[in-house]
């Protein structure tokens, strides 16, 4: 059960070659994670980060084709592994049928001081329901 | 023979938790690559991108400890694998003795239309000289 | 006849004080102008910038109250003065009843080499129709 | 007595037209203000923002000529008016002899809750010493 959201490539995303500058993709990726938390976990970032946080620990990304200004990108996020305090997800972005990027990342739930913090039970339950049977 | 450069963590890099927002790290990483091209390969990006480009194909990053506003980060870049048109590099950033991030990335030399383009011989030679004997 | 669009304040917009970092407002302002061109002038930026451009010549902004992560901002843009090659607009952003910022800016239509270029007649007509009777 | 600092235009600053995207100028402007606080007021932002802040209230900018990737910009900042809690400054950026932008801005010293806070006496003194006799 992948979470899906759309984002149009804007002028501010693009570099002198007229394609998305790769650090801007990571801003988009963060927006997708933010939307996923808000829309499916009932834990909007603005609430989460008041006391705690969910920093990214590692992220692997393959950019399989360039994206142009004006392209409509469809992002899909699937949670793939849930630890006591960590969460692994995979994400893709397509434009039409063409894969533009694929991501595998791990983030961790932390208290403000950086100490790992178990996911709350309701968040845990909501994530688990979105995971594929075999992941 | 690693290429080394320093960068201070600025206000604009930091998020509401007061630490570097991870997409900003990728802006820093791109700056380091840009400096490396300009200072060691005699191929400044502003010259490279006039006709061609060097987009990032894949990048894996581990964030091992958070960076705070004001921290002085020391980045080290080492080229690790040189293909006909591709280049793999590894990068680390430390603050004092503490490792903050490690990166492994692949970029590719392309013509404006996106077609892979062999590295020029002089660039090729300069990169090879910087590679470790066994990489 | 103001053009209106909404934008939510995201994590990536916010600084260590938890409020929108002012350079991020200018990214939002540019997005609003981009939407206005695409939705009302039939001149999407991705088409405009292929041959020409519309750089900002001057911009004055007052930030009347801070915006917090999660706030829904309503932006209104009104064209106020149309020259042969230039365009002045005013913009506001509100959160609920509270004014967050007001902008007055001038941009200019240029050819790729930077030479001012008269607005096409159809764009000119569409802009004029949106202007207030007395502006 | 203007504060002066240099910044090179980087790939990440530039838009599809190959010139600095104007919101990136505001990131540079903020860096200049940050350097000015750290180097001349003995009040680095990382210390200032721990308890308080110095948000920008208004900023007027004229972009008089475009900046290209690779250009070396020389920024000059002069404080022009010091209120009990506010500060007005003017800034320019030149590339060689050519003026690229001029800025007039007001920022305010605030406590974390947003309440205006008088400038500390030592900061006040250091700013006053940098002001032109007639400003």
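Order as written gives the chain letters A, B, C and D; numbering starts at 1 within each chain.
One rule holds in what follows: a residue touches a chain if its C-beta (ideal position, glycine included) is under 8 Å from a C-beta of that chain, and two chains touch if they have at least 3 such contacts.
In this text the structure is predicted, and so the values were computed from the model without any measurement.
Both chain A and chain B are touched by C, D. Between the interfaces A-C and B-C, more contacting C-beta pairs are found at A-C. If each chain is reduced to the centroid of its CA atoms, chain A and chain C end up 29 Å from each other. Averaged C-alpha coordinates give centres for chain C and chain D that are 23 Å from one another.
Chain B and chain C have Cα centroids lying 34 Å from one another.
Along chain C, residues 11-12, 15-17, 21, 23, 27, 30, 49, 69 each make contact with two or more other chains.
The part of chain B that touches chain C in the complex is made up of residues 11-12, 14-18, 21, 23, 69.
Taken in their complex, chain A has these residues touching chain C: 10-12, 27, 30-31, 34, 44-47, 49, 68-70. Taken together, the chain A residues at the contact with chain B in this complex read 15-17, 19, 21-24, 26-27, 29-30, 49, 53, 55-63, 66, 112, 114.
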